[in-house]
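Quick heads-up: structures coming right below.
In the two assemblies presented below, chain A is common to both, partnered first by chain B and then by chain C.
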Partner chain A sequence: MNAFFPMFVVLPLAVGTFLFLVRKNRALQESVSLIALLANLIFAGVLLHATADGTIFVHRMGLWPFPYAIVLAADRLAATLLFLSSSIVGACAVFARSYLTDEQRKEAFHPLLHFLLMGMQGCFITGDLFNLFVFFEVMLMSTYALLGFYYNLDQLEMAFKYTCLNLIASALFLLGVSLLYAQVGTVNMADLAVKIKLLGPTPLMVVTALVFVFVFSVKAAIFPMHLWLPSAHSISPTPISAILAGVLVKVGIYSIIRCATLIFPAAFLILQPGLILLCLLTIAMGALGTLPQTSIKRILAYSTINQLGYIAFGVALLSQAGLAAAVFYIVGHAYLKSAMLLGAGLNQKLTGTVDLEEMGGMMGKAPFASLLMLVGFLSLAGFPPFTGFFAKLFVLQAGFAQGAILATGVALGFGVISLYYNFTTYQRYAWGTGGGEVGAAGAGIYGSVAFLSAFAVIFGIGAYWLFEWAQLVAAQLTNPELYIAAMRDLG
Partner chain B sequence: MVWILAMIIGVLVTVASYLIMQRRIIQVVLGMAVLSHAANLMIVASGWVGDGKAPIVPKTGGPLDPFAYVDPLPQAMVLTAIVISLAVTAFLLVLAFFTYRKFGTDDIDEIRRLKG
Partner chain C sequence: MRSLILQTIAPVVLHLTLLFSMFLLIYGHNQPGGGFIAGLMTAVGIVLQWIAVDEEEGRRRFNWPYERIFLAGLALSTLTGVWGYIKGAYLKSSIYRFELPFIGDVELFTAFLFDVGVYGVVVGVVMCIFTNLCEEEAKDS
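Now for the complex of A and B:
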């Protein structure tokens, strides 16, 4: 397994390149892409099974000894996120097959999808901070191209803004890496953890941690860097929005988790009150932002900000229970939100619009589609027995258990707003007036939405299993010595 | 010596911030390019040790003082960073060109259709 798991980077790279070469042959391109995504999903399942007993797989690139080699490592958290990303990207590719017309798909769609997957998976398995930067750039480069996919005015404006924002964040990432390197002389995460612990939380180290928090909060849309998200997630082509909301924002959260548990645990304890305040503001901004919207995709985008606030709140508690809740929330929200964005795409296919005012009354016209949306909205609102309920429950439980009564109370209060906006949105969607004839949608569209929605139900009814797994993940995260030892021994 | 680098980085960041806040789209792109150069120089500066001798072992060999030589690893890293910033800047230029052609203006304030 140690020599095998770097293929999560190699396979998408090879397949993406191949798909680019055969771009003239649409049928071949599409089938190779889907088969490769299926293989990727199967390998991710194998890796997930293999990490269940707590093994941490380590691969040194070029087989250099421990602190010198660029290291790839897969622990439980990485395996979980690999499974998540490959299943969501796979479902989105199946969705895109029936959703995008041949003209809309263009030649670049599938190659870019695989490069995006390569970047995300690389971020999850890298054990080297500079390498994380490189994979971030691979991921972002594909995102820039996918966001401005049809060169229409909205997309060009948004892609330009998004690219500029992320370029500034990348420059700050490099600044953070150089600050760290100047202090401890390494970029290997395990080595960093050991040396930073010896150095203690000096003021400069806290500033360095703050730089990284800023950089990753741009990706994770934490207040005040959340403003790019609604446009980016609502204007991009629907299969891409689903990947962005499902997986891409989680890369930012993942990096924050690595920083908080492995690299700078002491500095994060000092920053904790500020972080919790930012998370609460994120929750508030996301919840309030949904209220004036009429586009279903924009509502879902603001709700993503809201939910990311809860996830980051779980991380910012810096306790094992908080991390377990955050991991549970990440998995639940990823499947749920990508299912709902694909569901919005399904409705767009049926009615030709994403505007709630023009849609209206879908319950009578497309019962199955509105049933799928009902599952999604109930889960988002935090209704038992769906994932959204348990995710919020565990986060709030962890907050109260830690004695952060006021902060958790505020988070709970904004849960009421989330209940309100989800109900009113569904009401307008299912029973509203207006809207014309309903068209038809392909089986691939229904299938991929139902596949992802099924997770919202399975992880709700079977919340116990997912939570047990999340606790195993958190147990490994709160003992960074395991990660460091694995890199030392194997690396 | 390292303080000269520090001053150059400071000047570059100042220039970049000024350019990014301008109204013309090409000035914003140039500002981004300058900003990434500042970050690259920062990485080079992070490997600066002592008098900053080139990290090449002399032919005579013998015991060496590691604190006299510049750390070569950041210089390897900065190569990667330069290549990435080159690619992203090239992409941004293309994007700026398309934006300019589609909107018919290079004034950032007029390219505002989206709310947020």
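Now for the complex of A and C:
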């Protein structure tokens, strides 16, 4: 496994290149792409199984010695996120097959999808801060193109703003890496952890940590850097917005987790009050932002901000319980939100719109589609027995257990707003008046939405099982010595 | 834009740039240099030449299949990386020594092949971007 888990980077790269080469033969391109995504998913399952006993796999690229080699490492958290990304991207590719018309699905769609996957998976398994930057860039380059994929004015405007914001963030990321390198002279995460611990939380180190928090909060849409998210998630093509909401924002959260647990634990303790405040503001902005919206995709986008606030709140508690809750929330929210965005796409296929004012009474017209949406909205509202309920429960429990009564109380209070907007949205969607005839949608569309929704139900009913896994992940995260030792011994 | 100075200097500079970029490419895998900057340098040389002559002349002279160059480079780099698996790790560089007539001992690093791939990618991408930008401008005017 040590030698072969870099396949998560190599396979999408090789497949993406191949798909560009055969771009004239659409049928071949599509089938190879889907087979490769399936292989990726199976392989992620194998890795998940292999990391269950607590092994951390380490691979040194080119077999260079420890602090100099570019290191890839896979622990439980990375394996979890790899499984998550490959299953969601796979489902979105199947969805795109029947959702996008041939004209919309240009020849670059599948290659870009694989490069996006390569970037995301690279972020999850890299053990080197500079390479995290490189994989961020790979990921962003693909999203720049995918976001504006229909090449119309709205999308190009949105993609341009997204590109500008992310270029600034990337520049700062590079600045942060150089700041860190100037202080400790290394970019290997394990080596960084050891040397930063020796140095202690000097003022400059806290500033460096703050730079990284800023950079990653752009990706994770934490207040005040959340403004790009609603338009990017609602205007982009639906399969892409599902990947963005499901996996891409989680890359930001993942990087924050790595910084908080491994690289700068001491500096994060100093920053903690500020972080918690930002998380609460994110929760508030997301919840309040949904209220005036009428487009399902925009409502879902604001609700993503809201939920990301809860996830980041779990991380910012900096305790094992908080991290476990955050990991649970990440997994639950990723499947749920991508299922719902694909569901919005399904409704767009059926009614030709995502605007609530132009549809309504879907319960009578398309019972199966509205059932799928019901699962999603109930879960988002935090209704048992779906994942959304348990995710919020665990985060709030962790908060109260730590004595952050006021902050957790505020977070709980905004849960009421999320209950309100989810119920009213579903009410208007299922029983409202208006809207015309309903068309038909392909089996691939229904199948991929149902596949992802099934996770929301399974992880709700089997919440105990998922939470146990999340606690194992958190236990490994709160003992960074394990990660460092694995990298030293194997690396 | 036509500039006599640029037009006179560009061909001379082109040869020097290409020569120097080849030097960087061959020198690069164990020393400062490498496929990335060599590729940039080559592309810059071509772009300068293109700007010196007018748009149509440039398109006629440098009408190379940049997309294919880029793809071939990407494929070459990826394959070289995968080749490293045989030696134990992704991207592991291996060295092959052999004797060629008239030249003598030659050392071939797989890292060099990787660099050649990177070179192809950079030249291809930069020129793709450049030719596309030229087209947009042509459409506007």
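Here is the rule we go by: the second predicted complex is superposed on the first by the 491 of 491 C-alpha atoms of A that agree within 3 Å, B and C clash if a C-alpha of one lies under 4 Å from a C-alpha of the other, contacts with A are read in each partner's own complex, and residues count from 1 in each chain.
In this section, a residue touches a chain if its C-beta (ideal position, glycine included) is under 8 Å from a C-beta of that chain, and two chains touch if they have at least 3 such contacts.
Just so we're clear, the structure is a prediction, and the values are computed from it rather than from any experiment.
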Query raised in the report: Which partner does A:60 contact after superposing on A: first (chain B), second (chain C), both, neither?
Result: second
Query raised in the report: When both complexes are superposed, which of chain B and chain C contacts more residues belonging to chain A?
Result: B
Report task. Figure out whether A:3 sits in contact with chain B (first) or chain C (second), or with both, or with neither. Result -> second
Query raised in the report: For A:181, is the partner it touches chain B (first), chain C (second), both, or none of the two (neither)?
Result: first
Requested in this report: Please work out whether A:294 is in contact with chain B alone, chain C alone, both, or neither, and reply first, second, both or neither.
Outcome: neither
Query raised in the report: In the superposed arrangement, does A:17 touch chain B (first), chain C (second), both or neither?
Result: second
Query raised in the report: Quick one: in the complex, what on chain C touches chain A?
Result: 71, 74-75, 78, 81-82, 84-85, 87-93
Query raised in the report: Where on chain B does chain A make contact in their complex?
Result: 20, 25, 28, 32, 35-36, 38-40, 42-43, 45-47, 71, 73-74, 77, 80-81, 84-85, 87-88, 91-92, 95-96, 98-99, 102-103, 111-116
**Report entry** Contact footprint of chain B on chain A as seen in their complex
**Finding:** 130, 133-134, 137, 141, 144-145, 148, 151-154, 156-160, 163-164, 167-168, 170-172, 174-175, 177-179, 181-182, 185, 187, 227, 230-231, 235
Requested in this report: Could you pull out which chain A residues touch chain C in their complex?
Outcome: 3, 6, 10, 13-14, 17-18, 20-21, 59-63
